[in-house]
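Chain lettering (A, B, C and D) follows the sequence in which the chains are written, and residue indices restart at 1 in each chain.
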Amino acid sequence: MINVGINGYGVIGRRVADAILAQDDMKLIGIAKTGPDYKSKLAIGKGIPIFASEDRKNFDGAGVKISGTLEDMLGQCDIVVDCTPEDVGAANKPLYEKFKCKAIWEGGEEHELTGKSFNAYANYDSAKGARFMRVVSCNTTGLIRTLYPLQKEIGIEKVDAFLIRRAADPAETKKGPINAIEPEKELPSHHGPDVKTVMPGLNIETAAAKVPTTLMHLHYVNVKLSKKVDKDKILSTWKKYNRIILFSFKDGIKSTAQVMDYARDIGRSRGDLFEIAVWNSIRLEGDTLSYFQAVHQESDVVPENVDAIRAMFDIESQEKSIAKTDKSLGIFSR
Amino acid sequence: MINVGINGYGVIGRRVADAILAQDDMKLIGIAKTGPDYKSKLAIGKGIPIFASEDRKNFDGAGVKISGTLEDMLGQCDIVVDCTPEDVGAANKPLYEKFKCKAIWEGGEEHELTGKSFNAYANYDSAKGARFMRVVSCNTTGLIRTLYPLQKEIGIEKVDAFLIRRAADPAETKKGPINAIEPEKELPSHHGPDVKTVMPGLNIETAAAKVPTTLMHLHYVNVKLSKKVDKDKILSTWKKYNRIILFSFKDGIKSTAQVMDYARDIGRSRGDLFEIAVWNSIRLEGDTLSYFQAVHQESDVVPENVDAIRAMFDIESQEKSIAKTDKSLGIFSR
Amino acid sequence: MINVGINGYGVIGRRVADAILAQDDMKLIGIAKTGPDYKSKLAIGKGIPIFASEDRKNFDGAGVKISGTLEDMLGQCDIVVDCTPEDVGAANKPLYEKFKCKAIWEGGEEHELTGKSFNAYANYDSAKGARFMRVVSCNTTGLIRTLYPLQKEIGIEKVDAFLIRRAADPAETKKGPINAIEPEKELPSHHGPDVKTVMPGLNIETAAAKVPTTLMHLHYVNVKLSKKVDKDKILSTWKKYNRIILFSFKDGIKSTAQVMDYARDIGRSRGDLFEIAVWNSIRLEGDTLSYFQAVHQESDVVPENVDAIRAMFDIESQEKSIAKTDKSLGIFSR
Amino acid sequence: MINVGINGYGVIGRRVADAILAQDDMKLIGIAKTGPDYKSKLAIGKGIPIFASEDRKNFDGAGVKISGTLEDMLGQCDIVVDCTPEDVGAANKPLYEKFKCKAIWEGGEEHELTGKSFNAYANYDSAKGARFMRVVSCNTTGLIRTLYPLQKEIGIEKVDAFLIRRAADPAETKKGPINAIEPEKELPSHHGPDVKTVMPGLNIETAAAKVPTTLMHLHYVNVKLSKKVDKDKILSTWKKYNRIILFSFKDGIKSTAQVMDYARDIGRSRGDLFEIAVWNSIRLEGDTLSYFQAVHQESDVVPENVDAIRAMFDIESQEKSIAKTDKSLGIFSR
C-alpha cells in the first residue's frame, strides 16, 4: 500500500485524489490546500483529510477541519503528487526532498525539473525507481496517446499537428477571450518539443491557437508514416489501446460538445473523458495520415498519474498497472 | 410496479429514463426515438429497449437493435413521458389516448394541452388520478421551488423576477447567439403566467433575456412578502426543502460555472444539479426580499417527472413520493 | 479655444480624443500613454502628439516619436481628461493640481474624488466653473439618459433596474467568463447610488450580472411613474432627446448584435453608438413602465465628456453645447 | 459608367453597395431585398433605391418606399452582383440571362455555376469580357492573397493550411456553437480545391474547424517554397501588395480582437478590414514557411467584386483597376 498525498486541489488535484481512492494498492493520506472554499468542504464530506499548504490560519472560521500542515502530510507520504498551479510546483522540490517523498509534477512544470517525463503507453519502464517524475500536459498526453501506437506498430517519419486550445477550464471564469481567436506567437509551439521528452526520436512540429471555449482541445494531426498501410490498420492499431476512443460523425458526434455529452452519458464522474477522442473518418493519402482528435484537458492525465506512481515504486508491470488503472476508472474498449 | 415508456431521448428523456431506472416502484419499458445516433448506442449499452417513433427503417444498418415501434412500446406502458422537442409532443395525444396510456408532457407544451400543470412541492395532490399532466418547464420549476416555500410559510404579495436564460444546452451546437444579449420581446414574459398554472393566486411578473452560455439560467427574484421576517427565517424556510441548495460567494461559488463544478464534484451523474441553487447573500429591505438563483435547465425537472407519475397513480403521498425520489437521486440536505 | 490633454489612450481615451478633434472650440494638445503599441502608431498617423506618462524610455526603439512627458503635456493644457484604467486615475489628482489644470475623470473613479458627477442632460449647469468633475460610467449614463426625461416631464416614484453587463470590451481578450453567468454579489448593486450622484432625489435600486459577451450592456428598467400616461407620451418624451435612439423588434433589431450592426451601417467611426438604444415595445401597466435598453459601453460617455468640458469653462449654455457636440458626432433625430 | 444592381443586402451586399457608390466609373441602380427591416430603412436614408426581389407586398405598411421589382432593377443594369444567401443565388441565373445582365456571384455558389472564379491579384485578365463570374469566398480569397505573391515571386511546391473558422457573423445571432469546437468532417476540406479554381496548378490541401467567435477566420499556413529565401524576401514580397497588412505581436496585436480594433481605429466604415492580416513573426525552416493570417470574412471580398466588374467590362487594366479600387476604399501601404 503506497501512501499518497496530493498538493493542490484544483482541476487536476481533485481528479487524481478520486483516482487514488479507487486504487486497491494506494492510500490517500490527504490533500493540501492554501485556503478554504467549496472544494475543501466537499473533500471533508468525502472523508479526505485536508492539510494547510500555507498559513493554517487561512482556514480559521471557515468551518473546515484541518488535519495539519503540508509538512505534516508529507511526513506520512511515500509520494506526493504536486497539482499546484503552473510554475508554482517547482519551488516545492526542496521540501519534498527534505521529507524524502517521491514526487510527481504535472505538465505545467518544465521537463528539466525532473529530467524525466512520463506517459504510461510510451515509457512506463523509464520511471522504474525514479524519485521525481513529471507527467506531461493534457495536450502532450493527447498527442502521445495516438502517436505512440502508430510509431510502435507502423513507424512515423514526420508529424505536423495543429492544436486548437480551449482558453479556460469550465470553472475558470476569469480567463478570456470571450470573442477572439488567439494564435500562439511561438512558431513552432512548445508542444512538439514536449512530446519529445517522452518520445525522444520523434520528428514532430506543432502550432497552436486559443479559442473561446471551455470544453476540450481539438488537434488536427498530419502523420507521414514509414510505410503505406490501409485505414483498417490504423483504426485497428488504435483500438488495441483503451485510452483512445473512436467516434463517428455519422453517430452525431459533430463537435467537442457531443464528445462531452457522450462522457456524461456513460456515467463518468464529473462527465470526464480520460480517453483521447478520435474521429474515425481519418484520411490516408499515400503514406500520409490525417485525423482529428479531441482532448479532455481536465482529465486525460489522471490515469497517467496513477500509473506513474506504480512505475516509480516498481510494484506492477506496465501491462498490469495500465489494466488496474483502467478497470478502476471505467476505461475499457467500447 | 408502474410500467413507464419514454418518448424522446434527448436532454430530458435520457435523464428521466435514468431516474425511472432508479425507482423501485417503476419499470422502464423502453424509450422511443426517431433515428439512431450515439445516444441510442449508449441506451442499448445500458440494456434499455429502443422503439422507433417514426419509420423503423431509419435504424436500418446503424447497428442498433430495435424492439418495435412506438405503438409497440405504448402497448406495454401504463404511462408515457413525452420528452419530444418543444411543440412536437401535443400531436401525440390522440395516440396516447388510443393506447389508454396516461401521459406526462414537459414544459415546452402549453398548459391547455392537459389543463393541469405539476410541481411536486406546490400541487402534488392535484395530480391524483389525472390521466394527463404537464410538468412545468425548467425556469418555471425553478421559480416555484423557491417561491412556494415562501408563500406557504410567510406569504407573498408580489413577485418580480428577471430571468437570464442560457441560449442553448451544452450539446446543442446549432443555436446562438455567440456574442449578443437578446431581450425577450414579450413584456411581461410568459414565465409569470406559467408559474400561475401551478400557483394560481400568485401575483407574479417576469421579464427575460437570452445570453451566450450553455450552463444554467440565472434568476434575479424580488419578492414583496406579506409580513416582515428576518433573513434567518427565509434561509431556514428554504433549508427545509431538499430541492433547494444554498451557496455562498465566500465559498468561491461566484457564477453558474462554479455551481456546475460543485455538481460535478459531488459525483452527480452527468454533473446534474436537480436542486435550485440559491445564493445565501439575500437582501431584505423592509418586507422586500431579493435573491439570485441558478437553474440547471437540463435536470431540475427530473425529480418532478418521477413524482408526477406517483401522484397520477396515487400510489404514494406527497411526502413519501418526494422522499423516495430524493433518496434515489442523491438529493438530501447538504 | 480650450486646450485639452488626454491621459490614457484605451477604449475611452481614443474616442474622447477623436471627439475633441471634431470640436471647433477645443484643441487637442496630445495624449499620454505608458508605452508604445499599435494604438500609439495610429495616433501618430493621425497627427496626435504622444506624451510619456511613465518612463520615456518605455518608448525607446519602438519607432514612436514622443513629444515629451505627461508633465510637458499638462503644462500646455487648460484641462486634462483622465482616461486611465479604473482606480488608477485618482492618484493623478495632485499632479493635475500642481499644473493648475482642470480635470475630468471617468466613472471608474469614486464620486468622492471630485464631489461632482456629470451628465449633460441632467446637471449640466452644476459643472459651471468646476475645477474637477467626474463623468459617470457607461451604465450610469445609460440609466440617466432615459430616466432623466421621464423624471423631468412625468415624474418618477421608484426605479428598479436589472443590468446584464458585458464581461469585457471587444479588444480586451484576457477577461472572462467564457461560459458562465456571474451575479454581482452586492445586492443592491452600486449602480443605483451612482445614478443618485447626478439625480440626487431619485428612488432607484439596481442589481446586476455579468455575461460572456463583448458588445453592449442590456438594461431592464421598471419605473413607477408619478402619474398615468400613455405609451405615446413616453415615446414622444424620449424622442425629444437625440442621445436616445428607439428601435423596433419588427425591424429586425432582436439583440445587441443588430443594434451594433445598425451603428456600423450608419457609418459611425468604430461602429460606435453614442446614443442609448431603447426598444419601443415598452410596457405600461397602470403607472408602471417597463422597457429594455442597450448601452454601448465603449462610447456612450463620449459626448458627455465633451459637454463637461464646455460646462466647466462656462463657454456655452447646456442647450448649445449639447447641440454642438451632437452635430460634431453625427447624433441627430433618426 | 457601368450600371450596377445588387441582389441581396446582407453582410456582403451592403458592403458591395457602399463600394460601388465610391467608384467614379460605376453607378448603383439599386439593391433588391426580400422584405423590409432596419437595413432597408438605412438604405433609403442613403438614397439607395430598393427593389422587391420577392412579393412587393412584403414591404406593405413598413414605411419603406419600393422602386419596383427585381426585374425592374435588372432592366436598368449592365451587371448584377448576386449577394443572396449561400445556395440561393444559382437559381437566379436564368433571370439574369433573360435580362441580358452580366452577373457576379459570391463564393457560396459553386465554381461550376460560372466556370470562372476570380481574384484580382491572381487572374484579373481571365475575367475580360466574361458574362458570368464568381468571386471566391472570404477564406479562399484570404489564402490566394498571400499565396499568389509567393507563387509568383518565389514559387510554391506545396501548401498545407489549417483554417479556424468563425462560426457566425456579428449580426447573425441564430447560429452556434456557443461553447464547442467543431471539426469540418471532410478531410481535406473544400477550401483547397476552391483555391485551385483561381490558381489551377497549386498543390494545396486544407482542413478546418469552426469555433465560437464572430470576428475573423484565422489561418495557419505552411508553404514549401520552390527555393530557399530569407524572411526579408517573404515580407518584402507581401509588402508590395496593399491588400495584405502586416501586424506584430510586439505592437499588441495578440488576436483577431486587436486586429479588428485596429480596423476600427483607422476609421474604416463598419470597422471593416479589406486586407488580409498577416503576423510578421513568420517562421522559415529550410524552404518551409509557416505563418498566421486573419481574414475579415465580412469584407475581404469587397474590393474583389469591384475589380471583377471592371475586368468583365474590360474598362481598366489589372493594375489600374486595383489602384482605383484601393484608393476609393482607403487601402494603401501602411
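One rule holds in what follows: a contact is a pair of C-beta atoms (placed from the backbone, for glycine too) under 8 Å apart; a residue touches a chain by one contact, two chains touch by 3 or more.
Keep in mind that what you see is a predicted model, and the values were worked out from it rather than measured.
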| item | value |
| --- | --- |
| Given subunit C and subunit D, the chains that contact each of them | A, B |
| Copy pair subunit A, subunit B: interface residue numbering same or different (half cut) | same |
| Result of counting contacting C-beta pairs for A-D and B-D, higher pair | A-D |
| Approximate Å spacing (C-alpha centroids) for the pair subunit B, subunit D | 46 |
| Distance between chain centroids, defined by C-alpha means - subunit A, subunit B (Å) | 35 |
| Chain centre separation (subunit A, subunit D; CA means) in Å | 42 |
| Multi-chain contact residues (two or more partners), subunit B | 170, 172-173, 177-180, 182, 212-214, 254-255, 257-258 |
| Residues on subunit B engaged by subunit C in the complex (per definition of touch) | 160, 162, 164, 166, 177, 179-183, 185, 187-188, 207, 209-216, 218, 220, 222, 249, 254-258, 279, 281-283, 290-292, 294 |
| Of subunit B, residues touching subunit A in the complex | 14, 36-39, 41-42, 45, 170-173, 178-179, 214, 247, 251-255, 257-258, 260-262, 264-267, 269-271 |
| Subunit A to subunit C touching residues, read off their complex | 167-168, 170, 172-180, 182, 212-214 |
